[in-house]
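Note that subunit A is present in both complexes that follow, paired respectively with subunit B and with subunit C.
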Partner chain A sequence: MSPGLRFALLTALGLALFPFAFHAIDGYAGLATQILIMSIASIGFNLLLGYTGLLSYGHAMFYGGGGYVAALLLIRVMPQHPNLWLAVLGATLAATVLALLVGALAVRLYGIYFALLTLAFAQMIFFVVEQSQDWTNGDDGLQNFPAAMLPIGPYSIDLGTPLPALPLGPFGNLSDIKLWYIFAALVFFGVMIGVRALTRSQFGEVLTAIRENEERSTLIGFNAPAYRLAAFAISGALTGLAGALRALYDGSVPIDSVGIERSGSFVIFTIVGGVQTLFGPVVGTGLIMYLEAVLSGKLDYWRLIEGVIFVAVIIFLPAGIVGTINNRVKERRALLAASVRAK
Partner chain B sequence: MTAILETKLLGKSFGHFAANADIDFSVEQGELRAVIGPNGAGKTTFFNLLSGTTEATSGTVFFKGTDITPLDGTKRVHLGIAKAFQTANIYPEQTVLQNCRLAALAHTQGAFALELLRRSGRLSGVDALAERALEQVELAGLAGVRSGDLAHGDKKRLDIAIALATAPEILLLDEPVAGMSRDEARKTEALVRKLASSMTVLIIEHDMDLIMGISDSITVLESGRVLANGTPAEIRANQRVQDAYLGGHSEAEIDA
Partner chain C sequence: MVALTQALLNGLVLGLIYVAIAVGLTIVFGTLRLVNFAHGAFYAIGAYIGLVVAQQWGLGPALVAAPLAVALFAVILDRVLLRAFYSKDATSQILVTFGIALIVEETLRLIFGSTTLQYPPLPALATSFAMGPIVYPAYRLLFALGVVVMLVLVWLFLEKTDYGLIVRAGVRDRTMVQLLGGNIKAASTIVFALGAAIAGLVGAAASPIYSIAPGTGFAFLVPSFVVVVVGGLGSFWGAVLGGLLIGELQSVTTLVFPPAANVVIYLCMAVVLLLRPQGLLGESEVIRQ
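And now, the complex of A and B:
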C-alpha cells in the first residue's frame, strides 16, 4: 500500500470512529463536529507557522471574517434560498482576498513585526465589525440567520438531520450524530489530503527551502515574498473556510470570532499539538477544546489551566504533542536500524 | 569581444561612509577576473552590487549592454549572474543533492511557480542539472549526505555547485579558498580554472599566489575606489598597488 493511500485510509478510519470514541469520554457529537471545523483553521494556521515560519497573531480576521461573510450572504443575498455551498464558497473567497491584501504588506516583514502587523489588521477588522451595527449587530453578533441547505443534485439536504437511531452502549447512539458531522468530516478529509500533498509538492519544497535559508533561496532565483504571500493566502483561505463552517453549524457568529483571543487560540492549538506536523494542529485543537468543554463548566479558572498547559508544553514538549511522538518514533527506528546493522 | 558585465560610476554609501565610489568596471565574456584589495577596500560590497543583494546609491550596472541596476538579486540570477558566498551559504538540513536541486528547480521553473500539488521529482531536467553541478565540483559521491555534516572545504564547494546549478553565464566567487587546507585550496584552484574555461568568472581572493597564477586580469580596489586594472604582471609591477598593500598594511596580507 502506498503511503498516501495508507494516510487516507487511516484518516478516514479515524474520522469514522472519532465521535463514538469521543462519546465514551463524555464528549458530545456536536463538539466533535466543532473540533473538526476548528482543526481546519489550525491546519491553515500551521501552514504559515510551521511550513513558512511566519507567526500570525491576527488569524481571527480570516476566521471571523469568513463567519460574518457567510452569515451576511445568507441574510442579505439569499434569504429565500439559503445555499450552503455558495455561503461557504463566498466566505472562503472573501478570506482569500483579505489575506492577499494584508499579506501584500505583511510578507516583507519578519518575526515580531509580522506578528504585530497581522495583529493590527485584525484589530482594525474587529473595530469595523463592531462599529457596523446595521450589518453585524455590533457586540451582539449575528444569530437566527436562515439555516443553509446543502443542494446536491435534485435534493436539498438539511445538515441538522440526525442519523437513524441505533444504541451503541458506551459509545452513545448513532442518532447523536447529525449529517453535519459527516459533512464536516468530508471537508476535513479533503483539507487533510490537500495539505499533505501541498507540503510534499514543489511549492512545499520551495517554502521549506525559504524557511531554512532565505538569503540563499533568493540568490538561486526564488521570489521569496511571492511564495510567502501564496502561503499566507492559502492559510487565510482555510481559516476563512473554517470560520464559515462554524458560523453555519452554530447558527450564530459572535463578535469574539474576530477577537484577539480567537487569534491567540490558533497559536495555542497549533503549538500544543505540534508545528510542522500534519496532525499536530488537529490534536492540539481537539485537546484544548475538549478540556475547555469538560472543565469550564466545572471550574471557574479554565483559562488559567489552559495557560498552564501551554507553558508546560513549551517547556517540556517544545515540539508539541505530535511533534514529540514523531521524534521519539524516529529515534526508536534509528536505534533499531543501528542495532540491526551492529548484528 | 563585448563586455558581459559593466559598471559606470557605481557607488554605495552607508550614511556618510562611501563603501564603493565611482567604480568603472568592465569584464569581457569568458574572462577570469580577480578583484583584490586590502581589507575594507569594498570588495564584498562591490560583489553585492553586482549580484543585486545590495542596492546601489549611485551609478549603473550593465549586463550585456542592458541596464540592470533596478533589478534585485533574484532577477539577476535568472539573467545568468550567480554568486558563491564568502561563508558557505547552503541548506544545512538538506542533502547535498537537494541543495543543488533547489537551485536547478529555480532555474527551470522560474522565480515563482504555483505548483501546489505536483512534486518536483517529475522534472527530470532538474536532477540532471543538479547532478552535473555536483560532478563539476567533485561532490557527486556525497550526494546523499546531509550538507550540514560536510567538511569546511566541501561546504564551500557545495556553495559553488549551488551557484552552478542555476546555469550561470557569469560566476561571482567571494574568497573561494578562505579557511581551506592546502589540499582543499589546490582542489578548488583547479576547479576555478576548469570553470573559467566555460563561463566568465569574477573572483575575490586574498591568496596572491592563486590570484597571480589563474587570473587573466586583475582589478585592485582601495577605499572603495578602483586603484588599478591590468594583467597579473602589470599589477605586480604597479607601485601604487604596492604602496596600498604595504603602506599601513602588513606584508602578511599580500602573502596571506
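And now, the complex of A and C:
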C-alpha cells in the first residue's frame, strides 16, 4: 500500500470512529463537528506558520470574515433559496481575496512586524464589523439567518437531519450524529489530502527552502514574496472556509469570531498540537476544545489552565504534542536501523 | 473650541500612557532583543496592586508599592523563564510572552473577578482645574506632569549613566557591546525591571482615570505596540513621538468621527509599516528580526 493511500484510509477510519469514541469520553456529537471545522482553520494557520515561519496574529479576520460573508449571503442575497454551496464558496472566495490584499502588503515583513501588521488589519476589520450595525448587528452578531440547504443533484439536503436511530451502548446512538458531521468530515478529509499533497509538492519544498534560507532561495531564482503570498492566500482561504462552515453549523456569527482572542486561539491550537506537522493542529484544536467543553462549565479558571498548558508546551514540548511524538518515533527508528546494521 | 481643547488634553493623557508603556517595550527590545507581549500584564498588575493599596493606605503609598511589586515580579519572571528566550527568534518570544500575558490576565480574573473596578472617589480626584471656559480634572493634569517628569528621569538614566550607555549601544550593535566588554546581562536585568516598573507605576497612576479589568493590560498593550512600531522599535524618542501622535489621533478622531477612533491608529501603523518599516525615528538595522 502506498503511503498516500494508507494515509487516506487511516484518516477516513479515524473520522468514521471519532464521534463514537468521543462520546465514550463525554464528548458530544456537536462538539465533534465543531472540532473538525475549527481544525480546518488551524490547518490553514499552520500552513502559514509551519511552512513560511510567519506568525499571523490576525487570522480571525479570515475566520470571522468567512462567517459574516456566509451569513450575509444567506440573509441579503438568497433568503428565498439558501444554498449552502454558494454561501460557503462565496465566503471562501471573499477570504481568499482579503488574504491576497493583506498578504500583498504583509509578506515583505518578518517576525514581529508581520505579526503586528496582520494584527493591525484584523483589528481594523473587527472595528469596521462592529461599527457596521446595519449589516452586521454590531456587538450582538448575526443570528437566525435562513438555514442553508445542500443541493445535490435533484435533492436538497438539510444537514441538520440526524442519522437513523441505532443504540451503540457506551458509544451513544447513531442518531446523535447529524448529517452535518458527515459533511464536515468530508470537507476535512479533502482539506487533509489537499494540504498533504501541497506540502509534499515542489511548492511545499520551495516554501521550506525559503523559510530556511531566503537569500539562497532568491539567488536560485525563486520569487520568495510570491511564494509567501500564495501560502498566505491558501491559509486565509482555509480559515475562511472554516469560519463559513462554523457560522452555518452554529446558525450564528458572534462578534468574537473576528476578535483578537479568536486570532490567539488559532495560535494556541496550533502550537499545542505541533507546528509543521499535518495532524498537530488537529490534535491541538481537538484537545483544547474538548477540555474547554468539559472544564469551562465546572471551573471558572479554565482559561488559566489553557494558558498554563500553552506555556508548558512552549517550554517543555517546543515541537508540540504531535511534533514530539514524531521526533520520538524517528529516534526509535534510527536506533532500530542502527542496531540492525550493527548485527 | 472647548471640546477640541479637551480632546487634545485627553489625547495627551492617553498618549502619555502609551509613551510610558512603549518606552518600556522599546528599551527592553533594544537591550534584550526581547519582544514582550507580557508587558501589558505589568500595567494590569500595577493597576490592581495600586487599587488594593490605595483602598487601605491612599494613593501615595499605592504609587510606591505598585512599581516595586511589578519590578520584583518582572525580575523573577525574567530569571525563571524569559532569559532562555533572549536568543530565540521573535516568533518564539511572542508566543511565550503571549502565554504569560494570558496566565496573568486569568490569574487577575480569578482573584479580582471579571467586573470592571472603579477607584473610590478620593478627594484628590474630585478637584478640577479651570482656565477660562476650559475645565479639566486636576488629577489628569497632575498625572500628565508626573509622566513627563518620569520620562525625563528615564531619559537621564539612558543618557547620563553607564548602564544607559550600554543600553543605547546595545540598540545599535549588541554583539559589539559584548565584544568590548559591556556587561549586557547586568544591564538587561536593570532595564527589564525598569521597563516593568514604569508600566506598573503608570498602571497604578492611570487607573483612577481609566477603569481596571483583567483585560486592561492587553487592551493597552496592543496600541502601545502600534506606538512602538510607528515611532521605531528601540528608539526612546520614537516611543515619545509615536505615543503622543497615536494618543492625539485617537482622541481627536473620537471627537470628529467616533466610529473610526479605533480603526485610525491601526491604519496609521499599517501605513508606517509599509512606507517606513523601521518607524519614524527607528534605526533601519533592526527591521529584519
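In this section, the second predicted complex is superposed on the first by the 343 of 343 C-alpha atoms of A that agree within 3 Å, B and C clash if a C-alpha of one lies under 4 Å from a C-alpha of the other, contacts with A are read in each partner's own complex, and residues count from 1 in each chain.
By our rule, contacts are C-beta pairs under 8 Å (C-beta built on N, C-alpha and C of every residue); 3 or more make two chains touch, one makes a residue touch a chain.
If you're wondering where the values come from, they're calculated on a predicted model, not measured in any experiment.
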item	value
Side-by-side fit of subunit B and subunit C on subunit A, or clash	fit
Subunit B versus subunit C as contact partner of A:115, first or second or both or neither	second
First, second, both or neither for A:265, with subunit B first and subunit C second	neither
More subunit A residues in contact [subunit B versus subunit C]	C
Shortest CA-CA distance between subunit B and subunit C [superposed frame, angstrom]	12
In the complex, subunit A residues that touch subunit C	49, 53, 55, 57, 105, 109-113, 115-117, 119-121, 123-124, 127-128, 131, 260, 264, 267, 271, 300-301, 303-304, 306-308, 310-311, 314-315, 318
Residues on subunit A engaged by subunit B in the complex (per definition of touch)	194, 197-198, 200-203, 205-206, 209, 212-213, 215-224, 226-227, 230, 234
Subunit A-facing residues of subunit B, complex	51, 53, 72-74, 77-78, 82-83, 89-94, 102-103, 105-107, 109-120, 123, 162-163, 165-166
Touching residues on subunit C, where the partner in the complex is subunit A	35, 81, 84, 89-92, 94-96, 98-100, 102-103, 105-107, 109-110, 218, 222, 225-226, 229, 233, 259-260, 262-263, 266-267, 269-270, 273-274, 277, 287-289
